[in-house]
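First chain A sits with chain B, and in the next complex the same chain sits with chain C.
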Partner chain A sequence: MSPAQAAAANGPQVAAPLWVLLPALVLLPLLLVLPGISHGGGWELVGQFASAGLQPSLDPLVLRSVLSGLGVTMGIALLGWAGSVVLGVVLGVASSRVVWQTVTGSTALAGWIRRLLALPRSIHELLWGLLLLQLVGLQPAVAVVAIILPFGALVARVISDLLDALPTRSLEALRCAGAPAGPALLTALGPPLLPQLISYSGYRLECALRSATLLGVFGLGGLGTELKLTLQSLAFRELWTGLWALLITMLLLEMLLGRLRQRWAMPGRLALGQTRVGGSGRELLWAGAALLPLLGAVAWGLGVDPASLLRWQPLPPMPAANWGAVAALPWGALVGNTVVMTLLAAALAVGLAPLLLLLVQPWPGGRWALQALWALGRLWPPPLIALLLLFLLQPGIITGALALGLHNLGVLGRLLLETSEHVGDGAEQALLGAGSGPRLALLYGRFSGLARPYLAYGAYRADVILRESVVVGLVGATGLGSQLLEALSAFAFDELLALLLAYALLTLVGEDLSDRLRRRLLAGAPRPGSPGVGTPDRG
Partner chain B sequence: MRGRREPRLAEVSLRIQAGERVALLGPSGAGKSTLLAVANGLLLPDGGTVHWQGEPRARSARARRRQQARIGTLWQDLRLIEELSVQQNLNAARLARWGWPRALLNLVMPVETQACATLLQRLDLDPALLGQPVSALSGGQRQRVALARLLRQEPLLLLADEPLASLDPRLAEELLALLLAAGSAPRALLLSLHRPELVGGFDRVVGLRRGYIVFDQPASSLTTAQLQALYAEDGAP
Partner chain C sequence: MRTRERWTAALAGLCLALLPAVVAPLPPQLLPAAEAQQTKSRPVLRIGAIPDQNPEKLNRLYGLVAAELSQQLGVTVTYVPVTDYAAAVAAFRTGSLDLVWFGGLTGVQASLQKPGAQMIAQRDIDAQFYSVFIANTRSGIKPIQNQKGLSVLKGKRFTFGSESSTSGRLMPQYFLSQAGVKLSDFAGGAPGFSGSHDATIALVQSGTYDAGAVNEQVWKSNLRSGKANRSKVMQIWRTPSYPDYLWLGQPNLDERFGKGFTAKLRGAILSWRPSDPEQKQILSLFGAQQFTTVKAGEYKKIEQVGRQIGKIR
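What follows is the complex of A and B.
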């Protein structure tokens, strides 16, 4: 066989560096459709909004209300986060195969607990919040519990996955030497788990801040409520006061957590380039000890009263269930729209981040500008982006997908920048040294190694977006999400139940698909010691 | 070129003619890697000038890239792109000369197969390897593919920073022979060596110590005394 034949036998095949750009192809149909759904007016409003960014209101009244709103949001985030980590660790240990195996010799129960936990995990915190709101009325504890439930179940899954993926040799050695199950597990698996647990919890705190803001947009308290009200009343300067405050808080938090991760040598999200793990035990203890009184003070300050969650409100009179009407809902369109919106948003977020990075690569200030853009994307809860987009576009799944996509672009883009600082340095430098341009060097030298872990993370993100798609339901006609919100406000419990189940089922199927895709991507990685399954980061 | 405390390279004046094969000797920390990094353009000297083909280092990025395209480096860690095939790796050396269309095409289907196959044959590699991912190659094959990529760049100056350091003696000898053949006229070769006994095939040898050039002469006239002085411990003359 001649070399030409040998090469041709492989046929055309898209190589790794292009994989990360392929999702961006979704831009082409999107750009074709956009003129059709834009309604002309509104540019003036967008201009006013943008220029107000430079002159936020500094009125003492506004400042005071923004700061108190921010305090409530941060308090909710902190309490929800702490509760979800505690709950997640307990449930995670309880659903770990290796724990059950060591303690009872059978893993059957672990599987069942896992399956049970899938339900709270598959329902977005917003839905938990709105459900609780109907049951117990508006109070600070509602938002906290709404975060704890899905986050806790998610942390549990991650912990049990991590536990089950740890090497068990030292555990077996301890057991053979006669150590009882509990101490043996703690000694053998505790130390390797701890750094991953702490690193992952750090990311959860960032997610909790985003979620607390989002819950506020739906009236569950805190800064989000004010953001939505000022946006709807077109008080852009007041809106920006809140946004700037939130942006500064978010960036400070991310910076603090990043520093701590570095200081304590915790693994990063894609577990790339980690060399050593652990250390600084005493500092960790101090940090933990300082957190407890802080949490107590926050709970007291917010007036969170767990007992009040048990005092249910009298429910509005419920009509008899009408399952015929429920069955007559356009299920195909509802599910189809949700899936299409999710895929659009995911492709947009996954594909746009590397494309933009490639475009700005030659300019010195480019990365900085991108970082700013992505911080803004993360900052805005998707429903607020959707409301802003409504100035220009008609409501519908494309508007919803754009809102979800832009928000998640902020999350993915940050990750891409973080990761691209570790990966493929040598190959890129070699190409630059041989005279290739900065963009091609980035494409060939860096995106090659980045493709698999980045897309694997993108698969995770698609899963998050599917769950999150409910939150843009308020811009109308976006599939299951908008229908759910409608059923919630009407408290049509039959429809609500059916929709919740359908939604939960859909997210579970989505989760399974994204997990498979992720495993396939990571299994094909060429280098031994390249990123492991890593820790998921939903929310 | 200054390091954190004292200059890595102090007063160095080196002029390499086409067809010259120059070996760079010196103890570790003498500034060999720094000199090579200045030569391939990845480091900018704090003072002094770098000339290429009689002209100073270009100011505009585009013109500088054109200069760098003719200077090829063989990296000690090879720096192959693991995720790509052998052919795509070889073609990556052409990126400086290719525009986007061909650079993208190379990622989708095999391009310029004949040129790549010829190169592999020249280095005693089976052209059937072209379609293989680099990650599937053996250590010796990877070394040769890296050399093939260097040749595919068609450089006029070949640079290599201790390319033989991590190789077993047989592989090291083979690679050195290949490099010496590749670096003959009209090209030039500048290579840092940690084993002075290998300078036999070179035209010229340069000794570097603490950032200064200690000797610069034909390789055949190198004496044992010179080498002892070059590698002497601190404090000794």
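What follows is the complex of A and C.
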């Protein structure tokens, strides 16, 4: 038994610094298995791919199509994001216990709305996109709505959780003083919610950009389409043109959102006394006012027509559903493979981030290199990582898990790094001063305090990965995802329906389990909720 | 702080009130008007194709086809690229595409899903189409004499093209199963799906896969252009013939574009000859001498195999 496991067995009170490294143990069996599933075949291609990164194609034709693809992807992301935030705020308020309690005096309806919202949330945006495509055809609005539905339900859940967690003292005071329910709620809960709403919705925009790219990979428009086609035709220089463009866009967006978050969501922390009263509010209003015409112009430019969503096309003539054949699917193996793939990917992503940071700690350029690597991981949709891995590995759940893990490592790594930079470095400096090495100082000085919130966030991430596992179905990862894509291409709607329900059920169970795990982890944390960690931001 | 809180609350309220305005009013005012105008005055013929080859080649070819049809028929023709075989079928069924270049399997899927869909034309080579099995020269696989010989592929890394491809998956899988090779017999317990014929050739040539199955016409064109290097990748077997690709049109073309439009469209495609320089370019990109009419009955065999393999329910 390792010291960490011993610590875990002793109960949640003991937070051993090694906790953050525990998930990385999955590397040992993985390293044993990898030689068995790798085939040397594609090293030449991987070399070509890597060297093409230094000389992307600058052909004006390629540039033009990359830029127009990027425009479409960003447009879809922006519209989907705006729609999901609006929908999420409305539904979040509608499913908040505090709101129902204040307005009607009972919270029963809030619970029901919450349960209803679990269904759109449990289905990945890609599946929404592919289903809508079957119903309304190839419309630019399909990708936008595919993002709005699950994201809106996610935002709603987070908003209602945030609302219900706010202190209600001022609300009670206002009510006692005779203020009507609506104004009292807005006045008491609006201001404390706003910074959290801004911070979280900024994060959702980053997710929306990733999702819009992914939807493109499956033919719903934008740069993702070019990325997949150029990768499939092994036109690596053209591929890198798109990748660099996307990388620059993503980093700029992350930087911009970081700035805005600091300015609007954490006022007074850095610029105390410098801003005028109401200054950030006025800025917010201006930004909102500028966003409206922008969104309108984007919708106009993309040809998004909400009315087209109502023109449902008849489903094809279907043979009578063959439920016997559906029941005969290897459900156990499908669900089992999906779960194994999810756990493997989650352990890989959660465990590798701190391990890599520790490994490069002594070298000054190491952290910078890791950040660049993680940015690439975040940028690449998992199916493209999987396609690239297939040059070296055989198809299967391990390849799928690696693709999902590497993508999510990009997300988790950035979060860990940002959070650990927010934690004061007193303990680390003290350890360094006392003569311990840079790695140990980092591990004991910073990571040990972050272990619980970080692992709690990891539990959330596992839940996201479970939902995401459908997207690596195309590399023959043999879980529910690949069966689902196969059913879609065979237009077997009975099988599709059964698989969708199974997926929804599995993700709901997964969500419940990960919530419990997260609560247990946070319950023992000395300082729950360091900024950004442990908060329920999926995607 | 109190003033500030009041400001923030009011502004938050205002922002929340304004935001929904974004989604609702703008598009309904602007877009349907524009769209309605477009569809009433001049209907646009939207053509598409399954993405079976490199996107650059598809863009070039269907750009030429759109220009040629537009000139011959006097209507605006646009090419809508699609990245996925199944998405092409769904787009045809939902009326997002008017005329699509389908493979045999996707063509049958689409015409089963859209009753009344019209088989417009096929190439001279499509009535008797072939797939070839190819192998990397270093894989140790030797050319085989007959179908039974396909069993040498057991235990090798093998890739098909797209999951819904007729010549890159359906028929090769059918011939493999006749030779007693199951999909689980390949190395790794499953075959790969490269996504397109060009990708299959590149992946087998690089050694990522030992062997694969491709459309013969694409294979030949890769050999001619030098993209396939004979010292690295070779043909090991050519399948018996079967019917493949076809142009499939919507049932309502005559209503939308005027009486007799379908016949005019078919006439235009059938009239392409190598003597005309533009048409020659199109035909050579299609790898054909000319287009011919389609005998719907020929595709019964594809439907049968499709049902056997489970791609048609």
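We adopt the following convention: the second predicted complex is superposed on the first by the 497 of 539 C-alpha atoms of A that agree within 3 Å, B and C clash if a C-alpha of one lies under 4 Å from a C-alpha of the other, contacts with A are read in each partner's own complex, and residues count from 1 in each chain.
In this section, a contact is a pair of C-beta atoms (placed from the backbone, for glycine too) under 8 Å apart; a residue touches a chain by one contact, two chains touch by 3 or more.
These numbers come from a predicted model, not from an experiment.
Of the two partners, chain B and chain C, it is C that touches more residues of chain A.
Within the superposed three-chain model, A:Gly303 lies in touch with chain C and out of touch with chain B [touch as defined at top].
In the superposition on chain A, contact of A:Ser448 is made with chain B only, not with chain C.
In the superposed model, A:Leu292 makes contact with chain C only, not with chain B. Interface residues of chain B, counted against chain A in their complex, comprise 40-42, 61, 65-73, 75, 77, 79-85, 87-88, 92-93, 95-96, 98, 100, 103-104, 107-110, 113-114, 116-117, 120, 127-128, 130-131, 133, 135, 153. Chain A makes touch with chain C in their complex at residues 37, 39-42, 44-45, 82-83, 85-86, 89-90, 133-139, 186-187, 190-191, 193-194, 217-219, 225-226, 228-230, 232-235, 277-278, 280-282, 284-285, 288-289, 291-292, 295-296, 299-300, 303-307, 313, 316-319, 322, 390-391, 394-396, 474, 476, 478, 485-486, 488-492. Across the interface of their complex, chain A is touched by residues 3-5, 7-16, 18-23, 26-28, 30-32, 35, 51, 54-56, 80-87, 89-91, 93-97, 109, 112-115, 157, 163-164, 187-196, 198-199, 202-203, 206-210, 310-313 of chain C. By the touch criterion stated above, chain A contacts chain B in their complex at residues 1-4, 6-18, 362, 424, 426-427, 429-437, 440-441, 443-445, 448-449, 451-452, 526-527.
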